[in-house]
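Structures are listed in the sections that come next.
In the two complexes below, chain A is the common chain; its partner is chain B in one and chain C in the other.
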Partner chain A sequence: MNLIAVAILAPLSATLLIMLLRRFPATLALLGAAIGLVGSLELLANAYNGLSQEIILPGLPGMPLRLVATPLTALLSTLVAVVCTLVMVYAVGYMKKDREQVRFFATLLLFAAAMQTLVLAGDWILLLSAWELIGLSSYLLIGFWYRKPGVKSAAMRAFLVTRSADLGLYVAVFILITNAGSSDIASTLNTSGGPAIAAGLLLLIAAMGKSAQTPLHDWLQRAMAGPTPVSALLHSATLVAAGAILLIRTAPMLAPETLLVIGIVGGVTTVVTGLIALAESDLKRMLAASTSSQYGLMLIAVGAGVPMAALLHLIAHAAIKSSLFLGAGVFQHSRDSTMLDKLQGVGRNQPKIFFGFALAALALAGIPPLSGFFSKDAIIAATLSSDHIWILLPLALAGTLLTGGYMARALRILWLKNGTSQPVSGLAWMGTGLGGLVLLAVILGAAFPGLELLLESALNIRLTENTITRFIPEILGLSAALGGLLLGWFFPVQVLLGPILPWAKRGFVVAGGFDNLMVRPALAIAHGCEKLERLLYKGVLATGRLGLRLGKAARRNDESGIDGMIFSFVRGTVNLGGKARTLQNGLIHKELAISTIASAVILVFMFIVLLTY
Partner chain B sequence: MERDLALLIPEIIILLTVVFALVAEMLRLPRIALAIIIAGLLLATVQTLPLLDVNTTVFGGTFRIDTLSVWAKLILLPATVLSLLLARAELAGTDREGTVYVLVCLVSLASVLLAGVGDTMVLVLGILLSSLGSFALVAYPRDDFATEAAMKFFVFASVTTSVMIFGLSYWFGGTGSTLLSELSRLDSSPVVAVIGLFAVIIGLGYKASLVPFHFWAPDAYEGAPVSIAAYLSVVPKIGAILAFAQIVRDLPITMAWPLIIAVIAVLSMTYGYLAALVQNNIVRLLAYSSIAQAGYFLLGIVAVGTSPLALPSLIIFSAAYAAMNLGAFAVVMVVGRTLETFKGIGRNKPALGVAMVVFLLSLVGIPPLAGFVGKFLLFGAAIEAGFTWLVVVAILNSVLSLAVYLRIVVPMYQKQHDDSSVAMSTPLISLVWVIALLLTIAIGLGAQLLFGQLNEYLTGESLHCATSLSYLS
Partner chain C sequence: MFADNLLSLVIWLPILGGLAVLATGDDRRAPIARILTLVISLATFFASILLYTRFDIKTADMQFVELSPWIEAFNVNYSLGIDGISLLLIILTTFTTVLVVIAGWKVIQKQVAQYMAMFLIMEGLMIGVFSAMDALLFYVFWEAMLVPMYLIIGIWGGPKRVYAAIKFFLYTFIGSVLMLVSLIFLYFKAGQSFDIQTLYAVKLDLTEQIFIFLALFAAFAVKIPMWPVHTWLPDAHVQAPTGGSVVLAAIMLKLGAYGFLRFNIPITPDASHELAFFMIVLSLIAVVYIGLVALVQEDMKKLIAYSSISHMGFVTMGLFLFNPQGMEGAIIQMISHGFISGAMFICVGMMYDRMHSRLIKDYGGVVNTMPVFAAFLLLFGMANSGLPATSGFVGEFLVILGAFQVNHWYAAIAALTLIFGAAYTLWMYKRVIFGKVTNEKVKGLTDINARETMLLATLAIAVLAMGIWPFPFLEVLHVSVDNILSLASVSKL
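Let's look at the complex of A and B:
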């Protein structure tokens, strides 16, 4: 059996099984995720050996649906599968007390299957479908606790924002397909000139929506309303990553102008959301803001023309951020809150978890020899080799500095003071999932040279150019990270941010923010539609009534004699039988007359048409 | 000559079958007659298969062997077999049972002739043969209802057919030939062309029970045995519609004939469903529904000559219509003729209930059933021909039709006070509705394949059609 099919179908069939059986959701989910993981790993192993696989399914005429396992897609698929499996392990513990495990695991697996399809998709149409599917399933997951206040609106917001940005993807795909005459992603990458710039910018819009880039970053923080495993999954390797993956995969096509725009968007995001993270008073929201910030860094790398660096950071970040979220989930269970005030000193109650959390935090900040160090180093090296070094390098360094700052602040709050915690159930499951991810976050850096080699030889992705020795970016990155950590640890946030603190706390809302720009108009249109629908409904009802009346009239016309005829017929058979015949003859005459008149009308109509034609 | 006869093998087989069956009937062996006819029809169907990619005419252009007529045989002959099974279940043991089978077979032969009509005289022959057999079939029960219905049918047929023959004489006068392929000569004399077309509309409008020539249909269906009603609503009707398609293929487009046919389509669809909305007798309801469905067929006729989708859509909808209508009538045979008898049937006989729901939803045109695919293609053809307004009307009528068919579905799942038994249930009827159910689903799912096949035979430019199809979806 084809391994691509295994990677996608294993989680999908687990979803279906869970929905059908409605029992053992956790076991089935783990099984589905694990089998999918095996498939993905085999794919990656094949890719190492230079084998790439492809499935071609019948789709639109001339545009078959393709699934391809190139080194890049196999690597991404493995990443998704690994994170999904570990998060699934964690979720078994996290959701132990929840009654709706069936719905939870079914949706989570559906999401995983959709994400696998997205990364393995070899043509735009399948990619679009998968893109929509992850949009839908993330909506369902964010809104999982839909009875809680605010959750529904958060899910709705995530959906609206990402969907409105998705329009960019649709138009871009349209441009690419019409331009290349094929829906195959690989062959559309040869697009150049005006269409390439337009499509690139439109893809950027789609990526900005999904990867929560400024000014569309607001939804991600609100999406924290979902269960923590969901946040961990959405933020690390999947939903949010989809935007960056899109840009990485289309990187060969992006024009220099587009690259500059991408770099600037990423740079602005990394600074803005970094500041927000620094000011945030809720742990999960802080992590969410940090996600936006890290994806900003990846966009800088793409903008600098080195998607490889972005990819490395994406992989490192996936492991790191899911560890951080999983740790946060344990803290949340032990204090029943995610507010930093309430979480003070929680690290002392859960020292093992805190240790993992701290390792991941240091990795994110970029401390050697943890994985984040290598990937950040690659990004900074990328900006050094870029044509726009003076724009991108400072932004990247500022992003690194801020990362150190907010992570140190969080660690300080979680560790210093004392507080009381309640015991947490399911800790074994959660600890296992977390441990696996932290391990990855720590050691992944060692695998990077291998990955670089694999992708370089197979894909011809431009590799970090060694024009400048690695020494300079290492020094720059490390000093920024250390500086950030020290600042964050020793200075309170009021001092660091000064007058812009309140503004940062509100998420740098400009002009009423996304609410005024997008959500309110969208809701207004929705209300308008509702009114229109009511109107239409009334109209339909009226039409229906009219139709019934017409029907009755038609019956009267058509069969005015029928009822009477049947009565008389019965009477006639009982009495004589002759009367019916006369009645029935009369009826035929009447009907023939109607037919004759109607055909006369038709004849006249035909002549009129003939004369005027 | 030999070539012509070789191409007509299916028709000749049917004719011989009729003769043999008649002999068997004279010997009072109705079961043998039925067996002969079913075997003959199936043999004729099999013999049609080698003709699939033939596109020619026989006997000097009077009869066409083309995709339309070949597929008509592949659809109508199996449909006839299914109807015969129903008839056997309903009429077994009655006096002169075998004549029913013989007549049905003759009417099918006429319908097949109509589907390949290449000459006005073949048209007249087909309509007369089909009508004469149908009168006798409707009158078969020999009770007052049936006699009255047959009489009415006869009067209607006589009037419309004579008008048609009269009008066709204008075409003959105008072209000097009875061949349809000569009709393009009428370009210069539009009045003659219009009178002839008017005649054809009346003649075939009666046969296909289009408004305003439909009056006979509900009475005839009600008076006839249910199996015969099922047969009449499918086979002769499809034959007449396909004859229509054969004729308009040769009409000069300058006559604006599509507009007239579009108007009749609107009348048939709307009037049929409106009248069906107030029926309490299921057979009458299905009669009016078949009038409306005939209107949908016209959407394909309108597009003949302008859209490459037209002929494939007509063929696919014919197959779909045959399957779902026969299925619905078969269920009516099991359950009974009035809405009242349908109460609670979905609870007492779940399989039968599900089948009926599938047939009715397919008649409405709900995906993924056969009716949806057929209507979808018809709509596509009409849109390609520039009749978007007609498609809008058709879709509005589909909404209306949902109300019509739900009137049957809703009582089926109501609670029923007494546990009344069904009217008639034999393995034969069950066999028919199971086959119809499978076909309704299979055509819906397999239409893509079927469509590709048809395109290959029809135009050879399947890519064009496929792209227009994808454009529509």
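Let's look at the complex of A and C:
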């Protein structure tokens, strides 16, 4: 059986089975995720041996649907499957007390299938479809605890913000398909000139929505209203990665102008959301802001023309950030809150979990020999080699500094001071899932050289530079990371942010943000349209009344003037109307019927006379 | 024995069956009327499936042709025939009728036989419209079809039913009169023939074409309905019983679009090209402006009615792009909208039967008492916002892609529906389904029963099947669409 099909269909069939049987949701979910993982791993092994696979399905006329397993897509598929499986293991413990496990696991696996389709898609229509379906799963999962206040708005907001940005993807796809005459992704990457710039910028908009880049970053923090495994899987490792993946895959097509814009968007995001993370008073929301910030770093790398660095950071970040979220979920269960002031000292109650959390935090900050060090180093090296070094390098270093800052601040709050925690059930499952991901976060760096070799041809980009040039970024990155950690640990956030703290706490909202800038005007326009609609309605009624008057006048003339044929026809109708009225009182308005039919018949005769003679 | 007259069978079986149901009389024999109606509608549905299996997808000629003289003095014939486009619309009609019969099973308690009979008769007449190849026969079916719908709204409708029924009747009737005038003009131009394919070959100068186009437009645009002649639709939907709304939205609106395909585009190709911009602008107004109007509706039925108008904007736009993607997309959108709007109206009907309110503010927290229903409504809501893997995506995607090839701005404006469609659907869903239960009545709601589940599951399968595997729908269209496009590309000047 085809391995691509296994990777996608295993989670999908598990979803269907769970929904049909409505029992053993956790077992079936683990099974589905595990089988999918085996498929993905085999795909990756085949890719190493130079074997590519492809499935072509009939789609729209002239545009077949394609799934392809190249080294890049196989690697991403494996990444998704690994994180998905480990988060699923964790979720078994996390959801132990929840009564709606069927809905939870079914939706989570539906997401896994859609995400696999997205990374393995070889044509734009399938990619677009998967792109929208992961948005749907995200909507369902953020809204999972729909009884909690604020949850339903968060879900709707996430869907509408990302869907508005998806408009960019749609139009970009139309441009690419029309230009290349094919919906195959590989063949559209030859697009150049004006269409390439336009499509590139539109793809960036779509990526900004999904990867929560400034100014569209707000939905991600609100999405933390969902269960924590969802935050770990969707809102850090996979769904939000879709934006970066899109830009990495289309990198060969992106024009220099587009790249610069991408780099600047990423740079602004990494700083803005880094500051938000530093000021945040809720652990999960802090991690969410950090996610935006890290994807900002990846966009900087894409903008610098080295998508490989972005990909490495994407892989490292997936393991690191999901570890952090899974740790946060355990803390959440021990204190029934994610607010940082309620979580003070929770690390002492859960030392093993805290150890894992701290390792992941250091990895994210970029401390050697953890994975994040290598990927961040690659990004800084990328900015050094870029034509826009003086724009991108400072932004990347600022992002790194901030990362160290907010991670150190979180670690300090979680460790210092004492507090009382309640026992957590399902800890064995949660610990296993977390352990697996932390292990990856620690050791993945060792696999990077191999991955680079594997992808060299797939991405068609320059290899990382030799050791001498690599020395400078290492120094720069490490100083920024250590500096950030020290600042974050020793100085309170009031000192660090000073006067901008209140603004950062409100998420740097400008002029009332999304609600004031988009939603209110849209609703005002809608109300305006509704008023116009009422006016039109009144106008039609007035015309109707005019017609009625004309009809009455015509009747007065006709009754005396025109011959018996019309008259008897009208009388027949009146009789019929009378009969219908016995069926239902007041069914036909007598005068209205007479005048309409009479005037209509006259109209017909007039036209016939005019046209035939 | 029916092998040669399959089309006639599909038309007359429900009409004669309807008369038979009518003959069962008053409500004491209602169970007989219900079962008889179900049997007839199922038989008609299976007969229409036979049409599909025997359809030859490789030829552009009309198939299942029947021809016999009707009014010989005026050379009017009983002439039938279908292409791929009619075929899909006929199946949509027979499918929807079965669902409407099941949907009205328990809800309709007064004058059951009459209610059921009206739907059967209407079914036959609508299929007649889709298969008539003689313009006068088309006109007769077209006008006759108004009567049962008029009665359905007027007898089984809501409090303002009479007003809505008359408005519906007048609006559509006035348009039809102009259509008759232009058909008679064409009759003389074609040397006294009403045969539609003969009319295709009639030479017409541009002025004549434009006048004929506009006269036909008056009839068809009202039916679709296009902006600004749409104001009858929200009234009719709000007052109509659930079954009436379903047939109105799922099938009747398509008759207008079918008219454009069968008459305007092939008979007046030059005028169609001349006026394409006008048609597209009206369509885009429907998509954007009506989409916004839908956003602020308080009444669920009105919201879905406006959403219907907005979605039909895609159909009219697709038809006048004159490329295969646009036209195939438009037809797929017609079928898909039939499933989705039908499903949405049935869902609102189910809530109305329980709560006797259609106002959004009376609901909230329905998911707590009706979780299965909430899941189905979510699926249909997502389909209504054109999400991939549902039928709503295929049609809209093809139309926007077709539009992009003609003019980037058409596509960009039309694509706004992605946001509006999602916004009005999800906002309604959020207010009705999620949240705390504020209305005491919602607490006492019971979830959908087996009959209702079956009904919604059937529609869900249709929506998903068409979204995931649109091939069987598309393959019967190719040749027919190419044929119409080639007729449209030959100038008559």
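Couple of notes before you dig in:
Everything that follows uses one rule, which is that the second predicted complex is superposed on the first by the 509 of 613 C-alpha atoms of A that agree within 3 Å, B and C clash if a C-alpha of one lies under 4 Å from a C-alpha of the other, contacts with A are read in each partner's own complex, and residues count from 1 in each chain.
Note that in this section contacts are C-beta pairs under 8 Å (C-beta built on N, C-alpha and C of every residue); 3 or more make two chains touch, one makes a residue touch a chain.
Keep in mind the model is a prediction, meaning the values are calculated, not measured.
With both structures placed on the common chain, the touch criterion links A:Leu167 to chain C but leaves chain B unconnected.
In the overlay built on the shared chain, the residue A:Phe471 is in contact with neither chain B nor chain C. More chain A residues lie in contact with C than with the other chain of the pair chain B and chain C.
Of the two partner chains, neither chain B nor chain C is touched by A:Trp390.
Touch criterion met: A:Lys552 reaches chain B, while chain C stays clear of it.
The residues of chain A shared by its contacts with chain B and with chain C are 60-61, 544, 580, 584, 587-588, 592, 603, 607. Chain A makes touch with chain C in their complex at residues 58-61, 125, 128-130, 132-133, 136, 139, 143, 146-147, 152-153, 156, 159-160, 163-164, 166-167, 170-171, 174-175, 177-178, 522-523, 525-527, 529-530, 532-533, 536-537, 540, 544, 580, 583-584, 586-589, 592, 596, 600, 603-604, 607-608, 611-612. Residues of chain C touching chain A in their complex: 151, 154-155, 162, 165-167, 170, 173-174, 177, 180-181, 184-185, 188, 228, 231, 289-290, 292-293, 295-297, 324-325, 328, 367-368, 382, 387-389, 393-394, 397-398, 400-401, 404-405, 411-412, 415-416, 418-419, 422-423, 426-427, 430, 434-436, 470-471, 474, 478.
Contacts from chain B toward chain A in the complex involve residues 144, 148, 151-152, 155-156, 159-160, 163, 190-191, 194, 197-198, 201-202, 211-213, 215, 254-256, 259-260, 263-264, 271, 274-275, 277-278, 400, 403, 463, 466-467, 469-470. For chain A in complex with chain B, the residues that touch the partner chain are 60-62, 544, 547-548, 550-552, 554-555, 558, 569, 573, 577, 580-581, 584, 587-588, 591-592, 594-595, 598-599, 602-603, 605-607, 609-610, 613.
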